[in-house]
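Next, two complexes with chain A in common: one pairs it with chain B, the other with chain C.
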Partner chain A sequence: MIAAAIHSGIQVTSGAERVPPGLARNVMTISGRELRDAVRARWFVLYTLAFAGLGLAISLVSATATGGSGLASFGRTTAGMINLVLLVVPLMALTAGAGAIASDRERGMLQYLLAQPVSRLEVLLGKYLGLAGALLSCICLGLGACAGVLAWKGMGTDPAAVLWLAGLSFGLALAMLSCGVLISTLAGRASVAVGTAVFAWLTLVFVSDLGLMAGAMALRMRIEQLFALSVMNPLQVFKMWSLHAADASLDVLGPAGLYATEEYGKWLHALFAGCLLAWIVVPLAAAAVTLSRRSPI
Partner chain B sequence: MISIEHVTKRFGRGRAVSDVCLDVGTGDSVALWGLNGAGKTTLIRCVLGLISFEGRICVGGHDVGSRGKRARMLIGYVPQELSFYDELRVSEAVVFFSKLKGLGVPALDAVLGGVGLSGHEAKRIRELSGGMKQRLALAIAMLGDPPVLILDEVTASLDACGREEFVSLLAGLSGSGRTMLFASHRVEEVASLAKRVAVLEKGKLERVQSPFEFASALGAGTVVHLVIPAAARERAMAELRAGGLVPTLNGVGVLVGVDAARKAAPFRLLAEAGVPVDDFELLREGGHGTAHGRKEHA
Partner chain C sequence: MNRVIGAILVCGGAWLARAGDTPASLDHEAPARTFASRQSTLAGALSARIAAAQAGAVIEIGAGVYHEHLRIDKPLTLIGRPGAIIDGAGSGDIVEIAAEGVTFRGFTVRNTGIDLEQENAAIRVLAGRATIEDNVLEDVLFGIDLRSAPDCVVRGNRIGGKALDIARRGDGLRLWRSDRGVIENNVLHDGRDAILWYSSGIKVRGNRSDDCRYGLHLMFSDDVVIEDNTLSGNSVGIYLMYSAGVEITRNRLVRNRGPSGYGIGLKEADRFSVRENLITGNRVGVYLDGSPFTTKQPGVFTRNIFAFNDIGVTFLPSARGNEFTDNNFIDNIDQVAVSGRGALTGNRFWKGERGNFWSDYTGYDRDADGIGDFVHESRTLFESMTERNPEMRLFLFSPAQQAIEFVGRAVPAVRPEAKFEDEVPRMRPVEIGFAKAESGVRSMTLAATAFGLLAIGGGVLRAARKDGGP
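So, the complex of A and B:
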């Protein structure tokens, strides 16, 4: 009776023809759900407001510092915005990724989801793409609001610079999201995952910078070693790539920047893109392997 | 329909499930019975392909290890308690799972009406009671009319009234050619829904018997379910044994089979020993017509 009622509400195929939806369709379904859930969440609203508010403050302060009529282009505030992105976007992406699997596992949602005709890879990719969509929205809203207000105030913006910064910020967000998701698949509890993500953020933002400086002085590193170590940190890659995109020179970074420009020249974009891509793909692949081997309970 | 061949699941050095072999034919309804830790839920997780295991499980001819998606296409699963995005609306949840099962957009009236949830489409999951959540889980499980229904102690989180309603919903599903495998430690559920009872003890399948043989083994025509605080359960077991009864521990208390004319015997024994009883149910043979009551602490 119940079956008949429910059955009559949907179109089904006969038992022998039951074919589960393919990877792409399930990933789309899960990512759509994840995106809608993320943009309704408080963290999304808070991060977006913080990002847009701080970005606006940086832009206006830069304008004041250059004499009020300053900010002839968005490029003048680029340095400040790069530092803001370096602080906010990795934190946002790491914590969002860290909650993706661990909290679902803790609440029993992962088990319920995987009891449906979906694979673990589909769940992982769906969640990843959904969160990536939410992060992209946050970045676009933040930078868009910032550029919009500057334009409205008559302080010219350079659309290309805004787009470059948004694109690179999204690349950084994807890399950090991959790391966050990997942490999430490894952690037993959601609180441990988020704690580890915050620790990773502190390490990448502050400790690695200080460690690199200290290491360079103590070990008397050669300039190529210093540059090689720098590109191992996705935040440094983002910073160097953003500066390089802004004025095609890395002089501001000192000897390492000069070395990079001279050594790699026009290949710098490809080098940075490769590094960031590796930071996106490798942790995500590791997360997929971990999830396939770990119990969802 | 479900073939379980020499399935073993180890957690560290211990075995949660040990060399279990069980065949559940089309239209069969098998209850997994056992104490907490007997391996019921672990075996269900193995059948769903949620955890790795030694051995082989096939659902509808599909190996759950290598063709898990195909196997799960044939399964509707109801967990002990529905855990899903609390902020999701009932209608959104149904549409989401319908898409995951490769179905068209469902007619919500029919899907939700079948389980008595008409008019609750716009509610968020967090606004539903435990019983309503289980009804929603059943509606989701039944999407696409799957030939296999797997239930994991689905009434454990419900009150007595909710349990009865839910079991009668499930009873309407059994006997329609659908295969059911469910874990329970409630006698009335087993009696109402099962055609066979697989008794698990410490991960091993001890025996498979008819519900009548099972009820007889538990006691006589009446089984008294006594809800006893955890701290007093061991003492209650000892006192009941000393009084010549054969009690069995279950999730929240003790089951004891008694002659129809001696239903008060366990209460008298526990009262004399000063063991508190929070609640009780009389589970009659056949599982229909349970009586409920609440006693003051003895």
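So, the complex of A and C:
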């Protein structure tokens, strides 16, 4: 289906003069198809419902727990949201990315697609952007619904914090999508790719944090080492950045947060942005290289 | 050019004025206007009027900028009319009150020196029964400094510090061995501390302190009443050391953060009560170190709101003999923490039928008497971990934290001991009148935000569907 659509799209663009179609145009065509397929897929509907549902539950519970006092600051609501994003968004993005190339390869679609006048980079970018669009939609719908409930319940949650949370969630989703796509290009089969993606999710969400905790306690790690190691995890970067954006200070995270605030101060935004950007660009570049070297079969 | 003309005009004015007044020098600040308005704006004019006045006289000072350093050495009433500005030109103290019974009202005093060792102050009071009222102090190192000045009234002043980093600033307000003072309705901002040391029987009411270091710092000051103050954005709201008989009532302690970051800190204080305060958004709401110092009389904490602090109340192991009743503990990340390890033996979280409201209470109330049917006890594995290793707070809000807490609930072997118990936890928060917040405007923007996000999400979906062919 995708290939057929691409085929028609490219015929239109290339036209009689046989001008090679522009990169942007091909990418847009592929991403449009990918987005369309994604939002019709079952995984997208399920993830969106789960994300929005859990988010609504958190909003309602925290609205009743506060007893409608109307007081608000950085509370359990925002903490719950961050927690939810940390669980759901990476899983969604990793598995979506993992399905992108590997399943096409398995079904022979990739071979067919690449027989069209499109480059491998165009295919990769197109698929990436299409999936990114689907993830953006999912995040906005979920957080939008939560914000709606909070507004209705008269909670004093800061709108700017919600917007930051949405933006940063999307950043995290892009990073995880890159990793997913890399896994997808490396894996031989779709099932392997998805399995690896789930394993990667488990590692990033639980294993690395628990390992770091144990290591820090056992090795009596210094604060700066602990902070440096945790900044390597994109999930921690997302978490710290959203706290920093909501509150301008990381002292809620104890000594390590104080260290970060004092040491980096206003450069924290840049530091976090750099880390997250690296997690977006590096795996995607690695995926492009892998795809260009491997046989499409 | 203007300045030159102004200087010439002022010179002329000075020459004209010389006949009836004291010798004058140039006024560079407000040249033409001083000449036009009145001769008393010339330097030295105020000192001369003070020197000429009888004890007990009332001196009214008109508008103008006075570049002077005053010493008031007899009981006078100085009243500044609107626009009366005394400018220290960036050196030394500005007003020194050396006689009892002086009233100093309505002036703008600005621009002290920045010498921390000399403690350059806008108004220094060295004698009792002074009244310092309705003044505006701008760009001052120390604001109002009372040294051995009992029975003074400091009311309605606005004290703004210098734009220096905190270590180079001075104290906006300081009382040193000055008993029975009244500190009322003052506003302090961007200073270092407000200090009450060795001064007993003080009333501190209705003041406001923003972005200072210590909102109020008491040491060896007994029988002090602290009421209706708002202390926000400071490093510490109220810090009470080695003092007895202090009542802290109806204050708002908001967002006092940073490495110390306490709403109220009590170190070896005795006979204190903390009632009806709003304590929200601080790093630590209340910090208890060795208080009450002698356990004859319990430390009373009642009808306070502890909300959205990182830690509601921190106890050092030395703190015992406190009673918490009818407080609201709402969504503090740690409601109650013990620094180091250990249980909160010797502190009570309920008395008779009066417990507290805990937003994390998980029980229910089948007999509908407003009191939960089960004991509220706080025991989470992650909290007990962070209390021993504070750096583990870095993992707050992460799923790993949830995993650890789940293990703590599921596996009895690693389940920590309960930190404290509240046998009669309230099901609903205590209504405390003054603490309602205004969130109407925010709700609207929040609703707009929600709508915007939904529109983006829906828009992407729509575009994707419309794009469709087969």
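What we mean here is this: the second predicted complex is superposed on the first by the 264 of 297 C-alpha atoms of A that agree within 3 Å, B and C clash if a C-alpha of one lies under 4 Å from a C-alpha of the other, contacts with A are read in each partner's own complex, and residues count from 1 in each chain.
Everything below uses one rule, namely that a residue touches a chain if its C-beta (ideal position, glycine included) is under 8 Å from a C-beta of that chain, and two chains touch if they have at least 3 such contacts.
Just so it is clear, the model here is predicted, and its values are computed rather than measured.
Engineer: What's your read, chain B or chain C touching more residues of chain A?
Structural biologist: C
Engineer: Please indicate which partner A:198 is in contact with in the superposed arrangement: first for chain B, second for chain C, both, or neither.
Structural biologist: After superposition on chain A, A:198 lies in contact with neither partner.
Engineer: Is A:86 touching anything from chain B or chain C once the two structures are fitted on A? First, second, both or neither.
Structural biologist: Only chain C is touched by A:86; chain B is not.
Engineer: Looking at A:56, would you say it contacts chain B, chain C, both, or neither? Reply first, second, both or neither.
Structural biologist: Once the two structures are laid over each other on A, A:56 reaches no partner at all.
Engineer: For A:158 in the superposed arrangement: first (chain B), second (chain C), both or neither?
Structural biologist: A:158: touches chain C, not chain B.
Engineer: Quick one: is A:286 in contact with chain B, with chain C, with both, or with neither? Answer first, second, both or neither.
Structural biologist: Neither chain B nor chain C is touched by A:286.
Engineer: Which parts of chain A are in contact with chain B and also with chain C?
Structural biologist: 1, 4-5, 33
Engineer: For chain A, which residues count as touching chain B in their complex?
Structural biologist: 1-12, 15, 18-21, 25-26, 29-30, 33, 37, 40, 107-109, 111-112, 114-119, 295-297
Engineer: Chain A touches which residues of chain C in the complex?
Structural biologist: 255, 257-259, 261, 280-281, 283, 305, 307-308, 310, 328, 330-331, 333, 357, 359-360, 386, 389-400, 402-404, 428-429, 435-440, 442-458, 460-461, 463-465, 467-470
Engineer: Any idea which chain B residues touch chain A in the complex?
Structural biologist: Touch list, chain B to chain A: 45, 48-52, 60, 68-70, 72-75, 77, 79, 81-85, 87-88, 96-104, 106-111, 113-115, 138-139, 142-145, 147, 169, 172-173, 176, 178.
Engineer: Note which residues of chain A are touching chain C in the complex, please.
Structural biologist: Where chain A meets chain C, its residues are 1, 4-5, 32-33, 35-36, 38-39, 62, 65-67, 69-76, 79, 82-83, 86-87, 133-134, 136-148, 150-152, 154-159, 162-163, 166, 205-206, 209-210, 212-213, 216-217, 223, 226-227, 230, 235-236, 239, 243, 249, 251-258.
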